[in-house]
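Here it is, the structure in full.
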Amino acid sequence: MTLLVLLGISLSFAVVLAFLGDWKYAPEVNITGSAAACATSILLALQVYLHGPFTAGSNFFFVDAFNVYLTVLTAFVSMTTAIFSRRYMRVEREHGRVGHWRMRFYHAMYQLFIFAMLLALLTNNFGVLWISMELATLSTVLLVSLYRTPNAIEAAWKYFILCGVGIAQALFGTVLLYFAAERLLGVGGEALLWTNLSHISGQLEPTVLRLAFVFLMVGYGTKVGLVPLHNWLPDAHSEGPTPISAVLSGLLLNVALYALVRCKVLVDGSTGSHLAGRMLIGFGLLSIIVASFSLLRQKDIKRMFSYSSIENMGIATFAFGIGGPVATFGALLHMLVHSLTKSAIFFTVGHASQMHGTQEMERIRGLIKGSPVVGWAFILGTMALVGMPPFGLFASEFLILTATIKEAPFLAPIILLGLAVSFAAIFRRVQPMVTGVVPPWQKPLKAAHLPVILHMALVLLLGLYLPRFLSDWFHTTVELLK
Amino acid sequence: MPVSFAAQINSVMAALILLTAFGLLIQRRILGLLHLFAWQGLFLGISTAIVGYVTGVHHLFVSSILTLTLKVVLLPWILYALIRKLNIRKEIETLVNIPATMLIGIALVIFSYHLTAPITQLSSLVTRSTLAVALATVMLGLLMMVTRHHAVTQIIGFLALENGLFFAATSATYGMPMVVELGVALDLLIAAFIFGIFFFHINTTFDSLDVEQMAKLKEGD
Amino acid sequence: MIAYSLLIEAVQVLILLFAAPLFAGWVKTVKCRMQGRTYAGVFQPYRDIARLFSKEVILAENASWIFRITPYIVFGVTVIIGGIIPLISTDLPFAATADVIALVMLFAIIRFFTALAGMDIGTAFGGMGSSREMTIASLAEPAMLMAIFTVSLAGKSTSLTHMVQVMAQGELLLRPSLAFALLAFIMVHLTETGRVPVDNPSTHLELTMIHEAMILEYSGRHLALMEWASMMKLFIFSALGIALFCPWGIAPAEDFPGMLVAIVLLAAKLAVLGVILVLIETGLAKMRLFRLTEYLGSAFLLATLGMLSFFILE
Amino acid sequence: MTPFDIAMASLFLMLSPVILVPCCARYRSFAIHLSFSLTAAASLAAVIAGALAVQYGTITSAVVEMGLPDLPFHLRLDPLAGFFLCVIGLLSFFVSLYSIGYVKGFPAGRSVVRFVVFFALFITGMLLVVLADDAFFFLIAWELMAASSYFLVMFEDEKAENRRSAYLYLVIAHVGAIAILLSFGVMAGLANGFASFQGYTFAAMRATAYPVGWATAAFLLSFFGFAAKAGVIPLHVWLPEAHPVAPSNVSALMSGVMLKTSIYGIVRITFDFLKVFPWWWGGIVLVLGLVSAVLGVLYALMQHDLKRLLAYHSVENIGIILIGLGLAMIFTSFQLPALAALALIAALYHTLNHAMFKGLLFMGAGAVLHATHERNMEEMGGLIHRMPWTAVFFLVGCISIAALPPFNGFVSEWLTFQALLLSPALHRPILSLLIPLGAALLALTGALAAACFVKAFGVTFLGHWRGHHPIQKVQEVDATMRGGMLLAAAVCFFLGILPTHVITWMDILAERLVGGKLAASAGAYGWLWLTPIARERASYSGFNVFLGIAVVVVVAWLLLHARKADIRRVPIWDCGFEKLTPRMQYTATSFAMPIRRIFGFLFRIREETDVVPPVRHPAYPERLRYRLRVRDRFWYWLYQPVGEAAFFTARKIGNLQQGRIQVYLIYSFVTIIVLLVFLG
């Protein structure tokens, strides 16, 4: 019940906002909507915590340890982002970069996007999963091109085409999956339900599933932003409005990876080999290396951090590929903490670039002196991002790396290289931005501190103290994904 | 109508779809592309309907109707309207080395046959043999998107690719569950609107629909 | 018993204090003889020291306490060293204070403070002297330690008295390692005591001075202490060489007559050594500063050869 | 109240300023006093805890329910940890006192809060590194230490120099940390193949026996990591950059104790976890130690920035410590516990000593900086007249680090020499032949160090003032700073003359780690005589040396001053040369010139003189400017190529993202085909 309410909320708010549009208090409504969703999701989590996984809407939806935490995460980050976007978009509005219609559009699409992601997470049906992924893409395409600048349009176009094509492959994969399943479960909706498939995955036809996984891998992999399917990502994340970049980097990638992992479970179950795992490892490594080296030569601040998203997603994918209790645990934790950290960073980045009126890193200077909260949050967030303790990402990377050197020692040096390079690259850029004296062109700004502080606090907490229920969920998920 | 006969018709349709796919690959004039695309949609719809008729899976009729309305009427119409509006109907697109493209296309067909052969052995469906064609169509659509550098033609390629997927859905399995079918259709519709909007934006900002000029965002040098 | 050894200790220190100028005088005399110059007799150093003690101290205005305390420290350390190396008997209660390595480091203290004193006044010469002194020392010290290590490997100890005992008891056989080590030691000896070819104690030509440059500003009792200390240093180094390489005759514990013999022997050995020194000094010319690298390098090489031959041949 | 409780108490005390100071930031002076007295108290507590733990060999462990639920934070206080607690606590106590005066001297613009917070976190990090008992917590503490010190290095962040050094420092530290992490991964995996998280506890790692291949991997990884932190050549380049630019009290801590945490790490992993290893591990450590020692001191000689010089000396001393460790490892692998004990004690003793005198020296340098606002020795001179106390303390530091008796530096170097000379006991002729050569190199190091500190002290404190602004501005520093230095100096002295006590105190370390005891032989002849192996073998008595010299000096002085001895103050004679100006003194550069000439091939030297041609008189050029740049060769050998390679790769990889959508489509197209071909 809660589950349907949750989906209902975001969908209805999408509609409401579409009508409210550019009303003075639209941002507040937006916040309310996401807050309500967040609250409901926490209720949902509570139910799962108390009664374990369950399905709803006649097996159409279901929650288990795996997707519930991602759901809460999605709802939460969407809320904080909404809070952030209130200030941010107001400034954009004042700068006249967005107009009446676009604001309306922005808010509606924002909620629709959240709805799509929640649907993707909560649905039990692979077909619907696919649909909602596509929906998520479509709802953000026009947000990416919100500013109508040539670059924005180019980015959005690439995003649209590449993800469209990618996701189409995923559909083909789904068809094949259905093709394999229907022979066991009979024609009809039953054959695409995760709850059924996960039980009979052993009997699914390996040859078909192998073929299916290739397409699913490429399809959802495109959305995860795995190299070499990643090319849309830096453009889309850097050209859109910052709140959108935050949710894209922070949430959408997670959801896509979630889909991918679900599929992997089935394939592993049927083929019984470690094939899917090896594919994930390969893509993960490639992403880590390519992304970390690309980081070295970035000039645009948001672009740089979107590359780091690629890198981190690569790490998580790699970890899922490695498998085993520790690595998988690490991967789950990594998804959680990365999205918190990354969105926090995007918040600060958004303010920073508004203060300086540019995304050129060369022109952003003296943040700590200019606006201490933003500055410190930025540098601390960066430290967290590159995996310095005591922040959460360190915990996950610690687990992943140590597991790696046990499971696949010869890969450890590559990861080491990747991490080292990305660390050097990111810090090389961030340090001069936060330190030093305030440049003349820097303008003070009323920044939204709450979201940033909230996120950083959570990241720190997760680094120092991981709550028991979370780790229980992770452990059950680990069992699930074995 | 006996099953075998239906199967034959179905394979004829498959052949036609494949043919249109190749046609799309080498057609230069945009309007020609539109027509070919519409035809492909038609064949797709027909084959879906036949399968539905033969197997008595009734929601296939729905999806066939969906297909016909969307792919034969709506989308071509939207595209046509756009082309008119942006008056690019005359535009003749130069293609990269048609023979080469065709050879690659052939290779892809063979490849997809080789891939699907083992699977089709497993299936008991009358339509199973057409899976190869479906995959080939997907591939060809992709190939088309690679070789064309006009926004509209890329979109057409994309839609052709979608056709391939539909065909796969109906041929490999007797159609996906209804929800999925509808959802996919919905997505397709939204997509149609979005690229519609895009054509305007691209055209206004770059005053042409050539995607070649959208290569500003890149790394360094 | 302890009283006896303390007595020996005292005797030894006295010998050091009062025989050192004599030895210096002896060397000077022989040298003058060789170079056909007239000489003021072997007791001249005593007169010099006495004269200097009676003079008043002329001190530069900006001399700090470092400059004033240095002579005392130098003197003190030298005397301590004198109490450690066995001149006439191995029965020295104080000898255990420092083994050979510590001994070398004690010499380093002397150098350290002298160099500081050289820089204290802030003249160009002082600085030059200190800089050169420290440079040379840093090259000499490894060579010296290598030489000593060779001996101590042979003697299975770094404690001087024990080494002397071992060597003295051990029958006189020709050990190549020791021969190499001895050569190296002599070369270092010349360096450390600031003699030709490294430095010229009797020069006052500014640009060739090293040791003299550092103590240029000293006068009166300070200078006296410095001079006396450097004489003792010459004496000590010679004695050290003797103790290491031809300890025969140095009396073992509780052997009073043996000790008297030892004194005589020591005198004889020193006399011979003095002559050898003079021969070397007159035979060689002073080197350019940067030739010293090769000189000390070869000293180091010899010492190393000594050690290698110890491991390989013995 | 067990040592462990005291340690915990000290941790909480240490963290308290982090919360308190922001509250009372308004009252600057009060905040400073409060926070630093708190840290001082905490450090003292740490010292007590450590001392007791070593004294009674107590082992206490505890678990804090934090971190990952299945991997809570484990803490453990054993003698080894205790010893390092002592080292860290002792120096941070002195530095805390010193900081009261030093931080007061900050210009008003600087945020005291920021400094205090990171200062406290920094010390806490070091204490936790020593106390941590599982890999996860260890690394958290390790990186806490690194990060907070990074912010301290960057304290004056408006200077580009500081930013650059801090960046370099953090990168190298972090890369090292990842390497350490991987080595923990190896050990944890073998300790308990990731069935649960228990493999990460040090207890499990201790209990495991490692196959030699994996052990080697673990050792090499961790050694790389720790060497990067310790500034072992060739991983040292960050050190002479970062230490000088940090505030001096921080440099004191960084050089004095932060580097030691990596020594702790090496000892912990090698002797406590891996236990059994081939001799060549020790060989590697030994060789790197020798290289660091010699090159470190040579580079130090070339510096004219006082703090940079000291920083390079840290490289040298870390080298000396590693020599001891390497020997200990070699002896252990040849089952010679007694000798291993000697070497290990030598190394640890030098760790303690170096912490003391390097801390003292940096505090002295800080005092000079505080008084003259100058780090460049070429602008100093004659400070002994203006800052007599600082001069005395600094001199003590110089004597100690130059390894001159009777101060502490000598004792540990002497022990190292003894250990080196025991090589004949090894069953490998080649080793027993090569190791004494190491002794020769150590001797070279010692002599050069002496030269270097004659230069440092002489140029800074002696002679005439070379600076441009008048020397009258220069004032002696205040009581707290002097107090800190005084205590450090006193400790240096006592560690020098009472070595036997210290050795008997820390003997348990050797016993626990290498299974050999030293105290029995070392103290055999009472506290006065230090006889590491046997009296016949070698003996030293710092106390006697001190006493002897003192007595003779006093006697001589009394004799000479029996009758009134008058001293006449006159202008400098200087062989009768007149018009002597301060610029004519030997400078730091000219002092080191002979050595630069001799060892020139080790440096990258750029000398240029530009002459403004004669105008007034044909013989005399108008002006003659001489510029000298001595650079670290390793920068050009190691770091530049790596950086260039990285950027080259980046450029190549950047071409992937070349903008045309068709190309991107081809990527995914090809990906599908390839995957299908290989997997379909």
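Letters A, B, C and D name the chains as they come in the text, with residue numbers starting at 1 for each one.
Quick note on the criterion: a residue touches a chain if its C-beta (ideal position, glycine included) is under 8 Å from a C-beta of that chain, and two chains touch if they have at least 3 such contacts.
Only a predicted model underlies this, so the values are computations on that prediction, with no experimental measurement involved.
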{"item": "Farthest chain relative to subunit A (centres taken as mean CA coordinates)", "value": "C"}
{"item": "Contact-richer chain pair [B-D vs A-D]", "value": "A-D"}
{"item": "Cα-centroid distance, subunit A relative to subunit C, in whole angstrom", "value": "78"}
{"item": "Subunit B-subunit D separation of Cα centroids, rounded to whole Å", "value": "70"}
{"item": "Distance from the mean Cα position of subunit D to that of subunit A, given in whole angstrom", "value": "44"}
{"item": "Distance from the mean Cα position of subunit D to that of subunit C, given in whole angstrom", "value": "36"}
{"item": "Sequence positions of subunit D contacting 2 or more other chains", "value": "651, 654, 656-657, 661, 665, 672, 676, 680"}
{"item": "Touching two or more other chains - residues of subunit A", "value": "157-158, 161, 165, 169, 211, 234, 294, 297"}
{"item": "Junction residues of subunit B, two or more chains touched", "value": "115, 142, 145, 154, 211, 214-217, 219-220"}
{"item": "Pairwise chain contacts under the document criterion", "value": "A-B, A-D, B-D, C-D"}
{"item": "Interface residues, subunit C side, partner subunit D - complex", "value": "53, 56-62, 64-66, 69, 72-73, 75-77, 79-80, 83, 94, 96-99, 101-102, 104-106, 108-109, 111-112, 115-116, 118-128, 130-132, 134-135, 137-142, 145-146, 149, 152-153, 156-159, 162, 206, 216-217, 221, 225, 289-290, 293, 300, 303-304, 307-308, 311"}
{"item": "Subunit A partner contacts - residues on subunit B that touch it in the complex", "value": "57, 115, 118-119, 122-123, 135, 138, 142, 145, 151, 154, 158, 161-162, 164-165, 168-169, 172-174, 176-180, 183-184, 186-187, 190-191, 194-195, 197-198, 201-202, 205-206, 211, 214-217, 219-220"}
{"item": "Touch list for subunit D against partner subunit A, complex", "value": "66-70, 135-136, 139-140, 142-144, 146-147, 154, 157-158, 163, 166-167, 170-171, 174-175, 178-179, 181-182, 184-186, 188-189, 193-197, 200, 217, 646-647, 649-651, 653-654, 656-657, 661, 664-665, 667-668, 671-672, 675-676, 679-680"}
{"item": "Of subunit B, residues touching subunit D in the complex", "value": "111, 115, 142-143, 145-147, 149, 154, 211-212, 214-221"}
{"item": "Complex contact set, residues of subunit A against subunit B", "value": "125, 127-128, 130-131, 134-135, 138, 141-142, 145, 148-151, 153-158, 160-161, 164-165, 168-169, 171-172, 174-176, 178-179, 182-183, 187-189, 191-192, 205, 207-208, 211, 234-235, 238-239, 294, 297"}
